[in-house]
């Protein structure tokens, strides 16, 4: 039989099988199971100076109450319209103005907040408020009531990281709105940090979910830890002084779907190339440096935000002492046996 | 300002923000974070009598060697073209004929095989062959060399379950082809079951990945266990006698991305409605019964395959003693803190 | 001051301090914290031929009912009067005759039974009977009701291993006698093995204690596993083919205080010297060989029992295919960070 | 046969069996497996005012160098000569004077230090010094090099808690003396607390042993946490505000053999009776109160030390805000499945 005949015969077979919702694997195998990760992400840096006017304008366009959450989503330039910064994660900049309240709701999506600008606003999570300062890392666990408010002065902005695409993918998205704008607050500010974040745990404590019960990791403490590291030994050649936020209940990652990390690169330090299968979102907390990825060089200063696609080698070069917060789906990939990295 | 003016002003703002790859959350919030799971899956049953002719014809259309894997993919009728049976999982029927070899490769995708028909074929995984019989549950862990062959008589068919969509979603897909059709086999048949599946483990054994080192759970043993359960107590009202395949190294699920289960419903037993956030693939091992889901009734006999979308209530009604194998992404959802169920 | 004066002055000080229940560490430090383990155990082998007449005579001296448990304790020759075979463990040979019942009680001490001789007797643990055969390893978890009975013919003997000294040491010993000689039996024979020991676990199963829910590991299956190992690769040079009984719930040791192991040394195989910090009790299941320890050579045949003190190097030399069961406190030492081994 | 004849016959049998190192269980069963814990401990309180003169005199009797460790052991009054404060644990008061060095050694025994008096002394553990202040809890893990020194002024005293009896019991005691009085110090003061005790862990960190890598839990932070608890809710009726020191690597107890806890009882608060199977050593950090145990009432002020035998009910009644540190073998008992408690 000629190749054309074979092809025709096969097409006829495929058409018959199609009626049973059957399709041949062999025509798709290489695309379904490619040799290397095949996503369409591109690296990108958002400079905060460019973003800030739009974020501030959002307050003039809509109130927090009307918006429910007044957030400007950072979309990966290759995934416009998707509300995604990576395949699996969402990022946005949320603004709250003095006197506003973003009303209480809960959802299965987990959220991290990394505070960018301002002070005096609070997040209330599961009956406890925390006052947020720039550099703080704040957790809203899956299915916990939360609302935000602002008793201070001036605009307050934070980076929201959520696992929205992951929850959508797994078909496990549930949301509920509270019947009050502000959910009841039952514990004093600082209770969780004292109770769970001081090297101690209550005897008999049983975790209610997979998130760290410490829901605010203050920058003051994180910063002190990072700088202490610079006194003892050299930074890792590929990552710098890299730490992960930890759930004190089990020593694992602070959140079950998003790996959160912070690193310090001493002034002048340049990393060797590194890549990992998780796409990464970075933001500068302090200092300046350059991110090189895929033949592009991005200068990054305070509050700038970057996305680096998975499995693309990148380097970081610190101009000043450069502190970077980052988040990715590494924790999910590790649990599923999918995460890998390469150095050099 | 009139509503139209507000809308126009906002649209102008959105357009300006768009240049920075920014988008407003508030216009999308309800769709991104819906009140309930919002997938497009439909329930469906494939009757093996309808499938078998197509599966057998595939052998006349293409050889195992040319196809690499001669599989007819079972696509969810609502996801045609996607190679998906659920949002996160793949299913197919693989056919191997006597004397054929499906050549050795490895990939980050994990595979399960549930044997449907025939005998005498083997899977070689990581240096060990296992001879497959109907009802056996066989594991190919992520990134292990494997090939299939058939030294016996007659066609051999199994259900392939893979986490292809999950690996794609996480951007962690790697594949490598072996330089030989058959990867070297270093251990005798049955070694893994003896070594890891007899209530014992080698002292000092360290697991190399997150999968069970027992890579064939023979039906003979599983069947005996299921029937022993019927002697002690009543079946669970919503699930019947439901067991999960276990990794003896840690007591967890046998595979890190796919939860594999088997259940027995005594003749005449009917479950109360049950639903969970994981979409489920079922296949009948023995017996007959009815699956009711979303006002549809599907009769299921031996080798029939069903898909039940997540969060749709369903019931099972056994005509004979009905044994069902099933797989889903429940293990992934549990690890990520996303899984939930409802009874009644 | 002269040395005598110093000594006298110190003694006077010690006497004054003594009134406050104070004592100087420095006069005792070397003894309290010695360079090497300082126990008084000796190695010993009990030949079953020598033991059996005494065990059988016990039935003529006392009934099971009167004795509650008719056991001849194996005492380490260096610890006579202590009821200990090692510092931390107890061993005894229990005899039950047809028609007898050893009445139901429970205690915090955990017990293992390794069946030596006879058939037809049962142990009932926590509502389930298991019929015992030679070579079976049976668990009575801490604080579970249990009694023994014998519906068959001929005497039945098993090796009892208990953690009595450990419970005494920790001051956590509780005992309760059942108000009936035979505690109620609620599940059929074989239920636990089917439910927990077939590579499956019930979905939603929650362990009630730290012991394996599989409370009888039958020798037939263990033996098959051991012999399968001989087909794949060489035995470990210092231990032979060494396996541990496993708790399927977590992959850990089958019991929380006593490590239970079984090994096979092919005929002619001789181990290199090995030692570990746990003192070990051995018994031959099948075959013959020699145990060398501390310049002593002990021939061991079926049913012979040996004790090897911790940290004494020993070797095993198999005459036939030699299968040995052993137990020790290794699991406790590992959990406490105290266990160590040395090879060669 | 008369009872006397039976007894005589049995005695003759016991004598014959004795030659085989066999002994009957039934004559010992009630004593070996008693209904309730049967230890000989007594409760006791040492008042620091009574102890201090003896501790200070020890410096006039012997140097730290000569003593190796200049410690006055606190012996349970019922266990004189045993160097034990409970069945399983050791306690002592160690004194170091300015300029002294207690030379470097390591041993399998784990040690905790709870600082009682003075300031300026340091402990060097595994290459890092920590400066100790009253109320600090300091860990010396098993088999880590450590020495103590004092660069400040005035005497420095701490409570030493060790698991010496446990290591002796398990026959796993090893000791090695360093060839230098002071083992090398490689990391700056505070490195471990920054690296492991700030809510972060280094990415890729692998624990080397079962102890917390945070080896100094400073009182300043612990105190702040305890007082924060008093703002949120009532103390537990039986234990007060009770916290445990935690290993950040896994969320477990800070040490593998000794459970370390700290509690605060607000002024006036009195606990209901409580008992647990672990014998407990207490010391007052701040405040005053009364310990009632076994019909005895002990007043306790700062630095006083108490021992409460296992399974004896006790109550605590706070006069001032009363902070108590305590340690016991609870962690070991929990791992072994032996720990139990009773309230009321």
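A, B, C and D are the chain letters, set down in written order, and residue numbers restart from 1 in every chain.
Here is the rule we go by: contacts are C-beta pairs under 8 Å (C-beta built on N, C-alpha and C of every residue); 3 or more make two chains touch, one makes a residue touch a chain.
Computed from a predicted model, the values in this text were never measured in an experiment.
Looking at the partners of chain A and chain B together, they share no chain. Distance from the centre of chain A peaks at C, each centre being the average of the chain's Cα atoms.
Chain C and chain D have Cα centroids lying 29 Å from one another. One simple way to say how far apart two chains are is to compare their mean CA positions; for chain B and chain D this gives 52 Å.
The distance from the centre of chain B to the centre of chain C, each centre being the mean of the chain's C-alpha atoms, comes to 43 Å.
Residue positions of chain B touching 2 or more other chains: none. Remark: the chains found to touch one another pair up as A-B, A-D, B-C, C-D. Chain A meets chain D in the complex at residues 187-188, 190-191, 193-195, 197-203, 214, 217, 221-222, 224-225, 228-229, 231-233, 239, 242-251, 261-262. Within the complex formed with chain B, the residues of chain A that make contact are 9-10, 13, 16-17, 20-26, 28-29, 32-39, 41, 44, 46, 50-51, 54, 57-58, 61-62, 66-77, 80-81, 83, 86-88, 90, 92, 107-110, 141-142, 163-164, 166-176, 209-211, 256-257, 277-279, 309-311, 329, 332-333, 335-340.
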